Amino acid sequence: MKFQFQDVSQMLNMGGHGFYVWSAVVVTLMIIIGLIVRPLRQHRIILNQIAQDVAREKLRKRAVGESN
Amino acid sequence: MGNPSLVTIENLRFERDDTTVVSCDQLCLDVGDILQIEGPNGSGKTTLLRLLTTALQPLEGSILYCGKSIAECRLEYLSDILFIGHQSAVKLTLTAEENLAWMAPSGLDFSSVLKALESLGLAGYTDIPCYKLSAGQQRRVALARLLVSDARIWYLDEPFTAIDRDGVKLLERCMKEHVSSGGAVVVSTHQNLDVQGVRHYPVLGGSSLRACP
Amino acid sequence: MKKYANNGFYAYLRRDLRLSHRRLGEAASPLIFFVMVTTLVPLGITPDPASLSVMASGIIWVFALLATMLSANGLFSGDYQDGSLEQLLISPQVLVMPVLGKITAHWLVVGLPLTIVSPLLGLMLSLPEAGYLPLMASLALGTACLSLLGAVGAALTVSLQKGGILLALVVMPLYMPVIIFGGATVQYGIDGLAWTGPLAILGAMLAATVALCPLAIAGVLRLTSIN
Amino acid sequence: MNWAWFYRLGSPLWFYQMTTRWLPWLSLLAFVLLSAGLIWGLGFAPQDARQGNSFRIIYLHVPASFLALAGYFLMAAAGAIGLIWRIKLSYMVMKSAAPIGAALTFLALFTGAVWGKPTWGSYWVWDARITSMLILLFLYFGVLALQYAFDNEEAGNKASAVLALVGTVNIPIIYKSVDWWFTLHQPSTIKLTSAPSMHPDMFQPLLVMILGFYCFYFVSLCLFTRVEILRRERKTAWVGELAARSSNVVEEGKQ
């Protein structure tokens, strides 16, 4: 098993089919990375929202505690 | 019909979006009972009725009909109940006679359908399509089922909406007759019924119901 | 066990037919849609009979499919709005029979007229002679299949206000095998091949949908009638 | 027959903790497999005699279409478990499987189309496999649209679970009828999918890529499900505590 291409330019060109192969690779990587990054970002957003809810809840309880 | 009461609820619980909407530990409905369910709007009255009519599946607990769980005798139980909800289930393009004949027990002769409609003050309106009737009259077509049905258990969800005073009186009389002739009524309404022996059942929404009063 | 007038297949079949009869204009609209939209093709593409006859069978089948799908929405939404769907759910009967009754009524009101009118449209699109009989046979079975599958979509979207377009989105992939074999039946007829082959497959699909769709519909109606 | 272990399996808290432990390792494995397979397939695998280098797209197209189909069945299975045993977690898994499956189906279609250009001269070819993949994408859109159409979360879950099941019953019928339809119209041309008896050097990277895609699929599924768990269980104590803990960490980092 040896490396099929002599140099980088031949690898990019891939005997004329380079454009198709590499465009497919790029789109695949975009989708894979997207399907990993998107939930991670949502995860952080939701955690922050919940943290704010918890903090707000504490504030309200303390306010009620002081008032009566 | 055996000593167990007609309908028994045992620690029924129902949730919607993770909030307990109905949780009822023990409720028994015997022949001759009129049970009035009271409570502020959105306290789960309609949900409790829909649970009783098996339109909704409870999360926990069970409902017994004459001692047997309704899961076993489902068709028997359903053929013995009559439910009138907020919507009157009246097809507007059909006439009042057709609507009532459709909802009545099979084999009911036409004259008793007519008599029921007339006794609800719909004389003369029975053969025109229901979209020509007023909302109150359409409501009366739905309530006419009470006169023709031979189901023993009545579940009525705010039956008095859009009904005038003498209509209310007529309905209370129907309930009294039905209950005295071996039936039971569960009604959810805000009006206080001037009928003796009405058991009241406050639904507190969210919090658990007290035991059988 | 007390019996009720509104139990069973025939009760709902008669009632739905009577309901459609009372609103004949509304009931005939899928048929009128079918005829009108087929006249778009010669206007939009080409009136030349030679090229029309190549496309005729496919066009008639596609528009029959669209007409059935557009009318499928009314199956349950009417009952849902006025509360009779809830009465049906708690009526003492197995839910499959009334559902089948309603779908048969829908087929008699929409599918059958489409089948009867289709030769007229075949003429307009200069469908070859050999194509008429397979067209009617395949439409007769196919529209029944389409009604059943459309009813599943209608049951899924019954409690939504803007359920119409969503019904199309949900049901369209399920329609594809039907239109493949429907179109193929007519094409085989035109080419002189034995068109009973694809027709038999359409019949098999109809048998499968008659058996399975009402079960799915009964399940869905019980599950999603939550609010 | 105590079902405790089964219901424990279904508890979101247990799932969250379990994935917190295992996810890093699984994603590392997925990364290794994918990069190895990609480099091997693109760089080291020998050229195909007829298609030249464009055949290398097979290393992206075949795993994506595998996962697209397997993902649909997994989504339907999760929906079925939710319907039968009413386990909330399985609805969440179903909800998360839908977008991933749709994205992978689109990927399969895109790579198939790009592959079609050098081999057949046009981007869109009504080949049997590509057409069935397109219908599968429509099935995914149906489930996704139905899922978000209901304002009542419970009804939305149940309706899309049933649709996924109905779809599963229909997939074999659709695939068979599209194949039959394909032979009816174009019997002569070679089928894109008839896996030519591949030279082992070409086949091994494909296997690695398929395994890599499966690992990636489960990593993404767990990530989406964890987000769904936090969204659905935001009122519970453990989520509140988790959020508080993570926000303190963030604050300490800020000071």
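To keep things simple, chains are lettered A, B, C and D as they appear, and every chain counts its residues starting from 1.
Basically, a residue touches a chain if its C-beta (ideal position, glycine included) is under 8 Å from a C-beta of that chain, and two chains touch if they have at least 3 such contacts.
Predicted, not measured: the structure shown is a model, and the values here were computed from it.
When chain centres are defined as mean Cα coordinates, B lies farthest from chain A. Across every pairing of chains, the maximum count of C-beta contacts belongs to A-D. Per-chain CA centroids place chain A at a distance of 16 Å from chain D.
With centres set at the average Cα position, the gap from chain B to chain D is 49 Å.
Distance from the chain A centre to the chain C centre is 44 Å, each centre being the mean of its Cα atoms. Mean C-alpha positions place chain A and chain B at a centre distance of 55 Å.
The multi-chain contact residues of chain D, meaning those touching 2 or more other chains, are 152, 154.
In chain C, the positions touching at least two other chains are 226. Contact between chains, using the touch rule, shows up for A-D, B-C, B-D, C-D. In the complex of the two chains, the chain A residues touching chain D come out as 1-5, 11, 14-18, 20-21, 23-25, 27-28, 31-32, 34-36, 39-40, 42-43, 46-51, 53-55. Interface residues of chain B, counted against chain D in their complex, comprise 16-18. Those residues of chain B lying in contact with chain C across their complex are 16, 53-57, 74-81, 83, 85-94, 98, 101-108, 129, 150-151.
Interface residues of chain D facing chain A in the complex, by the touch rule stated above, are 27, 34, 38, 42-47, 52-54, 56-57, 60-61, 64, 100, 103-104, 106-107, 110-111, 114-115, 117-118, 201, 216, 219-220, 223-224, 226-227, 230-231, 234, 239-240, 242-244, 246-247, 250. Taken in their complex, chain D has these residues touching chain C: 83, 135, 138-139, 141-142, 145-146, 149-150, 152, 154-155, 158-159, 162-163, 165-167, 169-170, 173-174, 177-178, 180-181, 184.
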